[in-house]
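Per-chain numbering from 1; labels A, B and C assigned in written order.
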Amino acid sequence: MLPVYYSPLRKFWHYALRVIVALVLLFLIFPILVTVPLSFNSEPFFTFTEGMLKLDPEAYSTKWYVEFFTDKKWNIALKNSFYFAIMSTILATILGTVAAVGLASDRMPFKSVITAILISPMIVPLVIIAAGMYFFYSVIDIAGTDFGIIVAHAMLGTPFVVITVTATLAGFDKSLLRASSSLGANPVTTFLKVTFPLIRPGVISGALFAFVTSFDEVVLIIFLADPDQRTIPRQMFSGLREQINPTILAAASLLILISVILLFTIELLRRRSENQGIFDS
Amino acid sequence: MENTQTTDDDLSLTSEHTRKYNQAIRREKNKALLLVLPLFFFLLVFFITPIGFMLYRSFYNPTVSNLVPKTIEKLEQWKDISRLPNEETFKTLAYEIKGLQKTRKSGKFAEEVNRRLPQTGSVIKRTARKIKKVDLDKVANYQKLLTSIHKKWGSPAIWTGIRSAGDKLTINYYANALDYKLLPTGEIVKQPEEQRVYLPILKRTFYIAFIITLLTFILGYPVAYYLSLIPLKKASVLLIFVLLPFWTSLLVRTTAWIAILQSNGVINKTLLYFNFIDKPLEIIYNQFSTILAMTHILLPFMILPLYSVMKGIDPSYVRASQSLGANPFMSFIKVYFPLSLPGLSAGSLLVFIIAIGYYITPALIGGVDGQLISNLVAHHMRSTNNWELAAALGSVLLVLIMVLYWVYDRLVGASNIKL
Amino acid sequence: MVASSLLSASVFAGELTVVSFGGAYGAAQKKHMIDPYVKESGTKVLFEDYSGGVAELKAQVESKNVKWDVLDIEYIDVERACSEGMLEVFPQDILPKGDDGTPAKEDFIPAALGNECAVGNIVWSIIFAHKNDLKTKPTTVADVFDTKKIPGKRAFRKRPQVNLEWALMADGVALKDIYDVLGTEEGVKRAFAKLDTIKKDIVWFDSWSQAPQLLNDGGAVIVQSANGRIYSAIKKDKANFNIVWDGQVYDLDGWAIPKGSKNKDEAIKFIQFATRTKSLAGMQDVAYGPTRKSSMVLIAEEVKPQLPSAHLDQGIKASAEFWADNGSSLGEKFTAWLIK
């Protein structure tokens, strides 16, 4: 209940704020909510049919999912998406974690400049990166190779790893490192036994970000990939420009499912790292 | 920090201690650098170098001077440009065009010259087609031959065009990217009105990015504020509404907006069903749909930094000001709002920076008047194949982004991007 | 770059990337050309869509990263592509005889072998179409440009080709003079001025597959389309559409090989197969005329009136030469005009 001494105006604002917030949250979630039921449309349209609104079971169908999983092009795209995302995540996570550990050192010279450079792939528009890579790749002759796509995606993922790992290192007690080395551990052992367990949540969430970055990326793929290197977002992009059909919505719904899984994983990790002290892990 | 303090306190340090201490510091420094080095090197090769290639491409174009090297050489000795070049130059070009025709490069040559001097591409192409059947060794007068194929060979303009297209280094593309043109005489003049395209699009990009930033502020501020007031448990549940779209693919969200906005989409069907309208509203493939979808996509980038700053604002400040007699509205404006500014500047700059470089959403639902500067870069990369112009436009955009990023780094700090 | 060679997509022998326009046309090609070829040769074929034009082809050739092996190219573009070195020269003398034994040189219509880089594949046409339930039905190109007589959106393909020709036709230029007028600066101005009158009523699309969709969705009341797309929508999907042949701009499509294709020999074999009498006759599924005389006997009687060749006097042939010479400058003008 609101305090009784609140003025009518204040009461109005109290409720207005809640209504506004509810509307904005609805706006945020609405497009995602709409996509999923539409993907079960039995008609080849991008819209709710009357049958769907009347909840007529005839109006619903899983045929677009069947098409998604049986069509050769979508199959290749699905395989490519996972392949590029996994490979580039591994690369980005290793490079990003190691760099973040260095960056967290108090002795790091030019810290802010170097940080700004390491973060910049997140900031520079993808079209610019894509154009640059397009010129560069044809010169060093890796255009159209899986290697070219993987390093490009890894490059986009590294800033996320750097940011998340740096964030976990910020609350990190450095005396533990000294304790470890005074007990005779070499730096690699110290990293594996002391540092890594502590920053693990940051590494994992950074890796998930890197994974999503690659999995969703379409601009670099448009510019750099061969026809047999198409990914799901690429397939959706050309579908949306050319032949719109609900298979795209089925693909979209599956991607939403993946985002939900990743989101819950990452929130779980965040909570664990927030709630847990160092010693009870 | 601890180490420095001990050294300051301990006055009995010997030079040996200092030396060892400095050595240790240096070792730490080197270790830190060594750890950053692999990523730095990786970015140098796969991020910075490609961008360097793009910058290079924006003012270096050796195509024409490679295609007709001898003609360019001759034209460089041509001084009085009010008159035609000499017969020797005509002869050289005739032979070189014939050579290009044979190797199927005459079209390329024509296109390149056409870029510097419009309306000349067709002259060169026609010449190449005709000259194919001519036995050049038996020609007495090459000037007559070329002018009989096309009368434009009889005016100096096309020759100055070829000469300036032969410059390997040129600022022509930057001039074009800013709606100017570089005349073959070296003057830079504004493009004629109907050809001015890029500055208006640049202005539009800024305008749209600004509107989107404003909208995300208007929509995001109350949400972040409310989330910061309620208990953490409840807030983290509501945050899912913000985070789920944030984690959902851009393509998915754009697809969803197409399903919602298209002429027989969710909105139009609903409005038609209830007879609010009698024909579908045009709410897709224009600026409106671009702004709407981009606002939706970028809103989490505003809410998250705002929320993280607001969470740290001590509510007792606001209460204190109210107990001192300020009305709630004034105390909000005077006390709370300034305290939330760091979050606001972080969010706004991030949204603005991302918005001006946006490509996918405008490409899919921007129609004609929702296209942004990135779309033109892509257009010249993929549709007109004017890669030099694309590179110049990209470089202009890059400079703008870098300035904004520098401001962001100053105000917020690059490492403070909240995820 | 050891890693790159390890990870690079390996190119197996007997693999071919073929690109065409997708939709109903792509389906017909798949049925009559791709699938039978795969069956006969055992080659793995990747059949991809593109939306026409030379840009993507040029980008591949110039960056020396050629991803395609065979492409279906509009003859309006082939002259330019060939003269700019984007295509391999095709050895036309190795084309197979017609099923009736006529040598290829006599069997093909002359235009089909008119460019040394391609082999004609279909005769098709760009027409406009509308739904039969439209109140006032358009009958001429001038009607397309008359938004008072027929209000509503028009959907055009986003390129200057055909749109400029139509603008001049609607402005009263005689069919035989279209390209002469368009060759002058005043003619170009006139065409753009005419397009200006309906600019706000035009919906632009990139790919031919979008044309019947736009008509069906109500996105436009009149659409510019390849005749086969509308024909197939009427025949297969029972769409209530009507084709208007007035002002048709007919053209050929051909198979060609991008310069630097990694599988050139295989590509030649495919083109030999796909231009046989029977393969070509299969394109009647989408009412595209064959480029071999010997295929004509295989065309069903009811399809014949739906072929572009039955309406030649109502339109013009797209001029490959004109667009080769002026394509890029008019393309730039068109873009500038479009985004203003």
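The criterion applied here is as follows: a contact is a pair of C-beta atoms (placed from the backbone, for glycine too) under 8 Å apart; a residue touches a chain by one contact, two chains touch by 3 or more.
The shown structure was predicted, so the numbers you read here are calculated from the model rather than taken from an experiment.
Q: Which chain has its C-alpha centre closest to the mean of all protein C-alpha atoms shown?
A: B
Q: Can you tell me which chain pair comes out on top for contact count?
A: That would be the chain pair A-B.
Q: Between subunit A and subunit C, what is the gap in Å from one C-alpha centre to the other?
A: About 40 Å, centre to centre.
Q: In whole angstrom, how far does the Cα centroid of subunit B sit from the Cα centroid of subunit C?
A: Inter-chain centre distance comes to 33 Å.
Q: How many angstrom lie between the centres of subunit A and subunit B, each centre taken as the mean Cα position?
A: Using C-alpha averages as centres, the distance is 23 Å.
Q: Can you tell me which residues of subunit B touch two or more of the remaining chains?
A: Counting only residues that touch two or more other chains, subunit B contributes 262, 264, 381-382.
Q: At least two other chains touched by the same residue of subunit C: list those residues.
A: Nothing qualifies.
Q: Hey, what residues on subunit A touch two or more of the other chains?
A: Those would be 134-135, 137, 241, 244.
Q: Where on subunit C is subunit B touching in the complex?
A: Residue positions touching the partner: 53, 55-56, 58-59, 62, 80, 82-85, 185, 203-204, 217-219, 324-326, 328-329, 331-332, 335-340.
Q: Could you please specify the touching residues of subunit B with respect to subunit C in the complex?
A: Interface residues on subunit B, with respect to subunit C: 103-108, 111, 114, 118-119, 121-122, 125-126, 128-129, 194-195, 197, 200-201, 262-264, 280, 285, 367-369, 371, 376, 379, 381-385.
Q: Which subunit B residues qualify as touching subunit A in the complex?
A: 1, 25, 28-29, 31-40, 42-43, 46-47, 49-54, 57, 219-220, 222-223, 225-226, 236, 238, 240-245, 247-260, 262, 264-266, 269, 296, 299-300, 328, 353, 356-360, 364, 374, 377-378, 381-382, 387, 390-391, 394, 397-398, 401, 405, 408-409, 413-415, 417, 419
Q: What residues on subunit C touch subunit A, complex-wise?
A: Subunit C residues touching subunit A: 1, 3-4, 6-9, 17, 19, 22-23, 46, 48-49, 51, 63-65, 67-68, 206-207, 209-210, 213.
Q: Note which residues of subunit A are touching subunit C in the complex, please.
A: The touching residues are 134-135, 137-138, 140-148, 150, 226-229, 238, 241-244.
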